[in-house]
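Pasting the structures here.
The two complexes that follow have chain A in common; it is paired with chain B in the first and with chain C in the second.
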Partner chain A sequence: MWGRVASYRRTRISLKPIAALVVCWELVAYVGLINVSFYPPPSVIGQTAVETLVDGEMLGHLRASLTRVLVSLVVGGGAGVGLGLLMGWSKRLRTVLFPYVAVLYPVPKVVVLPIMFSVFGLTELSRILTMCLAVFLLVAMNTVDAVNEIDEVYFEVAVDNGAGTVGLFREVIVPGALPQIFSGLSLGFGVSFILIVVVEFIAADSGLGYVIWSSWRLFTIPKMYVALFLINLIGIVFIYGIEEIGNYLTPWQQHT
Partner chain B sequence: MGEQDRRARSAADRARAGSSVCIRVSDLGHCFETGSGSVQALEGMDLEVYDREFFCLVGPSGCGKSTFLRIVSGLLDHDDGGVEIEKETPADRPMTSMVFQEHGIFPWKSVIDNVAFGLKMRGVSKERRYEIAREYIGKVDLSEFESAYPHELSGGMKQRVGIARAFANDPEIYLMDEPFGSLDAQTKEFLQDELLSLWRDSKKTVVYVTHDIREAIRLGDRVGVMGARPGSIKQIVDVDLDRPRTRERLPTERIDELYETVWRSISGEVEQSMGERH
Partner chain C sequence: MTTRLNRLRQAVSVLVVLATWHLLTAVTGVISTAALPAPAGISRRTVELLGESSFRAHISATAWRTLLASLIAVPAGVGVGFAMGLNERVKAVVAPVLYALYPMPSIALLPLLLLVIDSKSWTIIFLGAVGGFFVLVWNAMTAVEEINSVYFDVARDNGVESRYALFRELLLPGALSGLFTGIRLCLSTALLIIISVEFITADQGLGYFVWRAWGLYELSDMYGAVIVIGALGVVITYGIGQLQRRLLPWQTDTDDREFTSRR
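What follows is the complex of A and B.
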């Protein structure tokens, strides 16, 4: 019985249905059921992928997008975790800083882009700062929440066992908040991922979002799909990557 | 062991014979500020806990038992009166150590790191603190689980971790806040025995808060009954039972008598606190 329950719960993602879909797509394109100039078959997309990656064009765009996402996660996420922990820890800091976070938090982050452009010009800095800010707000908000939700008794236990300020921070606040910090990082990545496409659609001349938009306008549809699938791939790597790192760093949690 | 010996070993006689006072509480008062005003948790509380005594504190819920422990431990500052611990502060050991109710151990630390936590905070080297922790983990029968995380343990095992941590700290006074309150009857009885044997080896003072009268009688040298809010000591009952109090040696009749005495004292308080609401 338990074996059966476990087999329901622990389903690994199988690649077979996806492979089947690719084959179907190829077939319907082959027999002419779909317009291949709009929906090029996987074989054509694959060929384009190899060509554009080998000649370095797509590789450059991939690198541009990847860099933006990574920088926003590391800088924005890092600042969010750091300041979130400090705000959760010090009531005074929370009183002063938290209102900014709370007010900015619900703003659709794209609207910050024009402000950034007006301050820093049409530069890479503006693009990256916008993304950093978005990640920062989400992660900071989640981190403050995480610290606030740590059960009071753990603070008592720590103080009773002689923990000082540093001890409390290291032994209670950081590990106590860690699981939710990783939820925040996941959410932050989600937002930065939407933002990067929007930013690259409208205000960049590099990156996978830029390739998608310009390929659509120039009607180089296979290239559009290559960029689209590469973005998909980045998403998969990051979402599962963040989850795995989180699991690795919080071994005390029950994982299903 | 004859009646005479038993009498001679009762806590009251020991006190009369000059056993020194360990915790002296005089006219203690404490007030909580809540959203809807202030609550007087303790008022005019007087108590003397003797050195090496197992002192149990019972009373209706909300009578300030836990508040009292937190004041003795220094986790809470009190408003009026005084709590004096008449012992010299040990150089490299804490004066008090708490055993908490449920959830008193860190979910993010393994059993051994939970037990070694107090030692770590006092700067004991990793090698030495693990050595000490292992000793006490062994004493509470958790050696197989030293690297397990709390979510892998049962409620009773978690409480043993909390007890092992307190004993690894080797304080002068143990403060226990209903440590077995959430456990089933069998586990509870088993852990009571374990606790008594640890206490016997340590020769230290224990203040043990519980709402379970039988538990208080089973464990304590004396049982202090606290009155309803604001809390203070209403009566102290001597538990004149031999030690070691193994199961087969417990005189059920005497226990029932003691139970009645404590119950009468408490039930008056319960009625009073319920009557006040009308």
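What follows is the complex of A and C.
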């Protein structure tokens, strides 16, 4: 329905500009050109990072955020792929479910958070369900599209050659839809990545988002930078991880 | 004929859910209306809210922010994306920077931005614009890269000389379909971020209204505002879809194709 979605392309991340930035930052802070209470030099941030990681505090928050992102991707993404494939395959299912998907899909998913809270209370379940739902809708919609864009001829050939329902899924639907399913997954991760920060900013007492916001309010600024760095690390691992898995599973796709 | 039957099926499917919801809440009281308001109550409250000028001020605050964020993000995203798609050298310089920045959720930088930017409203707009830009820029780049290179040769052989002519005759029409996907994602990401930041720190806007209503446990108000936010999202997503159909009549009517053909 929406046309193919493009996402970032792979390139090698060069560490040189980052190293240059760190050196400049350190120097400028050392000379006193920037306010070190707001922009502490990398050496101070590094020290805080080591301290908070060793005593396990930051590690706990990292684990909390990581769990939320991972669960939302596996559960929400898995359900999205499953239902998307079924909706792409069965016209009747597509007809019946279309009104819901069509209405829910464009809604900015963050508004689901207070609704979940009012139904399930201020619980971890509410937070994770909100993120799952967001991933689910994006992935489902992209998967339906992906199945619909498979050329009709492939279906006919498969059926003429004796493919049953299982064969149709295994030989035509899943491989045909796979590249775009991964575009959907990376879009889904993008949204769950926004949501996790918001949710942990305003409605959690664990996670890297919580550390960022509370360090900001308590003015323990170096801790805030450590959390920012770690959240960036999660982003890198997931964005390139999803892409690598996608490339691995669809070797017939040309990558530039 | 089949479309009419499908419409009927869809209507029944929606009505069944609404009726069950109504039965469980308003009629039998299995779920207390204090925890989940009945659909009739929510729609009544939504209409009431729309009549209040203070609520309309929240709507216009969010709408303005989204509009301004898009006015920044769309030209920037299309410009940078086109430049990267057309020119390998530009791509070699700009792309690594964008790749490095991309895995940072812009919203996590909110505390730092509050420090740098004085106005809360502009902080919100800026974050929305940054989020939208990053989604759009890859789509714009890919849209240009995927134009068949033969077209460029044909254009040159037929005397397209100036950059402007190339842009008008080839780049824009060729990339438009991919661009629309990008712009739709850009605007909905901007809206998502704007509502989110309004949750966190704002004294106006629909996000602020929803989060406050939840804090005060005024659930009808909360659902009413959620419906309005959803409507904004629907207007953006399907509005751009309509626009695409108007501007790109040579594309197949995707809506019909996707949801009524095959099986």
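The criterion applied here is as follows: the second predicted complex is superposed on the first by the 245 of 256 C-alpha atoms of A that agree within 3 Å, B and C clash if a C-alpha of one lies under 4 Å from a C-alpha of the other, contacts with A are read in each partner's own complex, and residues count from 1 in each chain.
The rule is simple: a contact is a pair of C-beta atoms (placed from the backbone, for glycine too) under 8 Å apart; a residue touches a chain by one contact, two chains touch by 3 or more.
As the structure is a computational prediction, the values presented were derived from the model and not from experiment.
Once the two complexes are laid over each other on the shared chain, residue contacts for A:107 go to chain C alone; chain B is not touched.
Touch criterion met: A:118 reaches chain C, while chain B stays clear of it. For chain A, the partner with contacts to more residues, out of chain B and chain C, is C. When the shared chain is aligned, chain C comes close enough to touch A:148, but chain B does not. When the two structures are aligned on the shared chain, A:236 is found in touch with chain C, with no touch to chain B. The contact surfaces that chain B and chain C form on chain A in the two complexes do not overlap at any residue. If you check the complex, the residues on chain B that touch chain A are 70, 73, 75, 94, 96-98, 100-101, 103-110, 117-118, 121-122, 149-151, 165, 169. The touching residues of chain A, when paired with chain B in their complex, are 151, 153-154, 156-164, 167, 171-172, 175-176, 178, 250-254.
Of all the residues in chain A, the ones that touch chain C in their complex are 1-9, 11, 13-14, 17-18, 38, 89-92, 94-100, 103, 105-111, 113-115, 117-119, 144-145, 148, 152, 155, 187, 190-191, 193-198, 201-202, 209, 212-213, 216, 224, 228, 231-232, 234-236, 238-239, 256. Interface of chain C with chain A (complex): residues 6, 9-10, 13-14, 35-36, 95-100, 102-105, 107-112, 115, 131, 135, 138-139, 141-143, 145, 177-178, 180-182, 184-185, 188-189, 191-193, 195-196, 199-200, 207, 210-211, 213-214, 217, 219, 222-223, 225-226, 229-230, 232-234, 236-238, 241, 254-255, 257-259, 261-263.
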